[in-house]
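Two complexes are shown next, each including chain A; its partner changes from chain B in the first to chain C in the second.
Our next item is the complex of A and B:
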């Protein structure tokens, strides 16, 4: 099953989803598509006109262009996801920093899809990490 | 996901005894035709997707909970990203954050393999005003 991860560039979440037998949907795959197939100078800093139009589906025209650009990458992935894992209470510099509004919008889009979602908290110590891994494992093994 | 090319990043947990050099030598010893580049945190492997996944599985067989991996959008040594080619390496802040977290995840995975289960922790409750008042009075 396709599992969307939030933060979408997280190594830990990507690894755990793969480890427990599912396909993670991440920013890296979306950017790789643009690196390989499009002649864009430096994705995701530069986007195509199509990306801007795609972003309009998820955020209005009055929303800052950065939010639309991010959602042009993440929006289609959320639409194709069968489940999602969201990590809450991350430190400031963990995940896609720079636009909290985009992150909130992603959480809203996931909720609106109505797919199974696991909300986990950022582990601060070993016991919390054990709980985090066990909880993720149970959730991913339950997705059949 | 692209089937033609996959660049995969392997990161070693900080508390592991494995070094990036050992990891790269091990991958070279597999004898597969993939590009392997040693980095400060582990290594990058690039090749056709099928081949890279095969290498990932073989690394996991040996270092199951010590080596973590994810895909990378840009190719190895891409001048837009690689520091050796004066690139900006904008993703490194995130890698550094996760590197610090990997020790905990490594131990968590070991414990889960040993049979640990998820135990929900009770949510923190709000402190009643009267209790808070008592604490303040004691401190005075």
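Our next item is the complex of A and C:
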């Protein structure tokens, strides 16, 4: 199943989803696709004007372009996701999209989809980390 | 009967515009109300809504919307407004509009304001909300009866239509000049075409910017804003009176995007801050190309917008783009196509983000006769709009249709 991860660039969540047999939907995939599709003479830009315009599907023109550009990457992923894992209160080194407005909107779009979602909190010690992995494992195995 | 418009807002009090909002509501016989919520309701409402803004007043907006959605607060219409350029508020505003529409049948209008907001800017929107609430039976009218006339005094053109027993029997339009003189001119020509004398006319309906002046002059039975009147005219002309539709009216001075259910608007946006996204820009373009605006569409259809740069939020910069592009020796056809595409793109970016587009899409108004613009709108939206016959007469047809409800 396709599992959207939030933060969308969390390597830990990506790895866990993949490890338990699902397809992680992440920033890395979206950016990869854009890098691969670049033309030879294209500057090294991952998000193009077309992406930002596509982001209008998720937020109006009054919303800054950086938010719309981000939503253009994750919006379609959330739409195609079968489930999601959302980690709250994590430090930015764990995974971060760099924009609080985009964060809020991503969480909202996930909720609006009505798909199964596992909400987890960032573990502060080893016990919590073990618990987090167990919770995630149980959730992902339950999706099969 | 005082119509209660529930205000869901952030920042109005601190932007010096609250008085203007209330003044606009009062002037159309409505009253602004605020759904009561307790502090304890707020966190629950935010959790349920799923978007947790950092600004507490946005949280309050959500809680107020939840009260409306749950039927715990009695209101007739909803006005959702936040500060222009606040990203968080813009996100909440649009999603709350969707939330209210999904959970109630209340008409909704959204607006982002600056400190320069004046009551007059909100008048048509407030009037439309009140019309939708107070004239439900009239707006449900699907057939025109008797002999009636509709007069549409628009910013660019004035139109008249004479209808008899659900048929258009006379029509005329002219560029707007003096409001009464222009309307008198088109009315006389439409009556002549219909073979009808003025004394045979049973009712007149007026709409558009000059509606009040014309209403008084011609003793109209119906004097109504253009959002509801144009919607009725559009669905009548397109024969889509039942079900849902989106009406796009790119006007001479402002644009309207209206969603309707059974011909009655339930959400609309009305733009017009900049003429770069209106028919006026196409007029300016055709003037610069030295062609009549009626020929612009066909010329644009032969061009490719990708070959000419024309992308501006402002008509002044838009014309600069136009001059530069022509200076580079681009083909007229490509420039015309680029101008049409630019208008369509801006309507999409500025108006259609505030509503949920429903199908079919009906494009109306004088600019719908510019085929290149219709093609551009179709390309931007991924679906070619329906352009009904006499699409430029929507306001006048709506006026004639609705005024027959007073017979």
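By definition in this document, the second predicted complex is superposed on the first by the 132 of 144 C-alpha atoms of A that agree within 3 Å, B and C clash if a C-alpha of one lies under 4 Å from a C-alpha of the other, contacts with A are read in each partner's own complex, and residues count from 1 in each chain.
Note that a contact is a pair of C-beta atoms (placed from the backbone, for glycine too) under 8 Å apart; a residue touches a chain by one contact, two chains touch by 3 or more.
This one's a predicted model, so the numbers in the text were calculated from it and none came from an experiment.
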| item | value |
| --- | --- |
| Chain B versus chain C as contact partner of A:137, first or second or both or neither | first |
| Most chain A residues touched (candidates chain B, chain C) | B |
| Chain B versus chain C as contact partner of A:28, first or second or both or neither | first |
| Touching partner for A:60 - first (chain B), second (chain C), both, neither | second |
| Partner chain(s) touched by A:10 [first = chain B, second = chain C, both, neither] | first |
| Chain B versus chain C as contact partner of A:123, first or second or both or neither | first |
| Of chain C, residues touching chain A in the complex | 49-54, 84-85, 87-88, 90-91, 94-95, 112, 348-350, 353-354 |
| Of chain B, residues touching chain A in the complex | 1-2, 4-5, 7, 9, 11, 60, 68-75, 78, 80, 91, 93-95, 97-98, 101-102, 104-105, 107-109, 111-112, 116-121 |
| Residues of chain A touching chain B in the complex | 9-12, 14-15, 18-19, 23, 26-36, 42-43, 91, 93-95, 97, 122-123, 125-126, 128-135, 137-138 |
| Residue ranges of chain A in contact with chain C within the complex | 53, 56, 59-64, 67, 100-101, 104-105, 107-108, 111-112 |
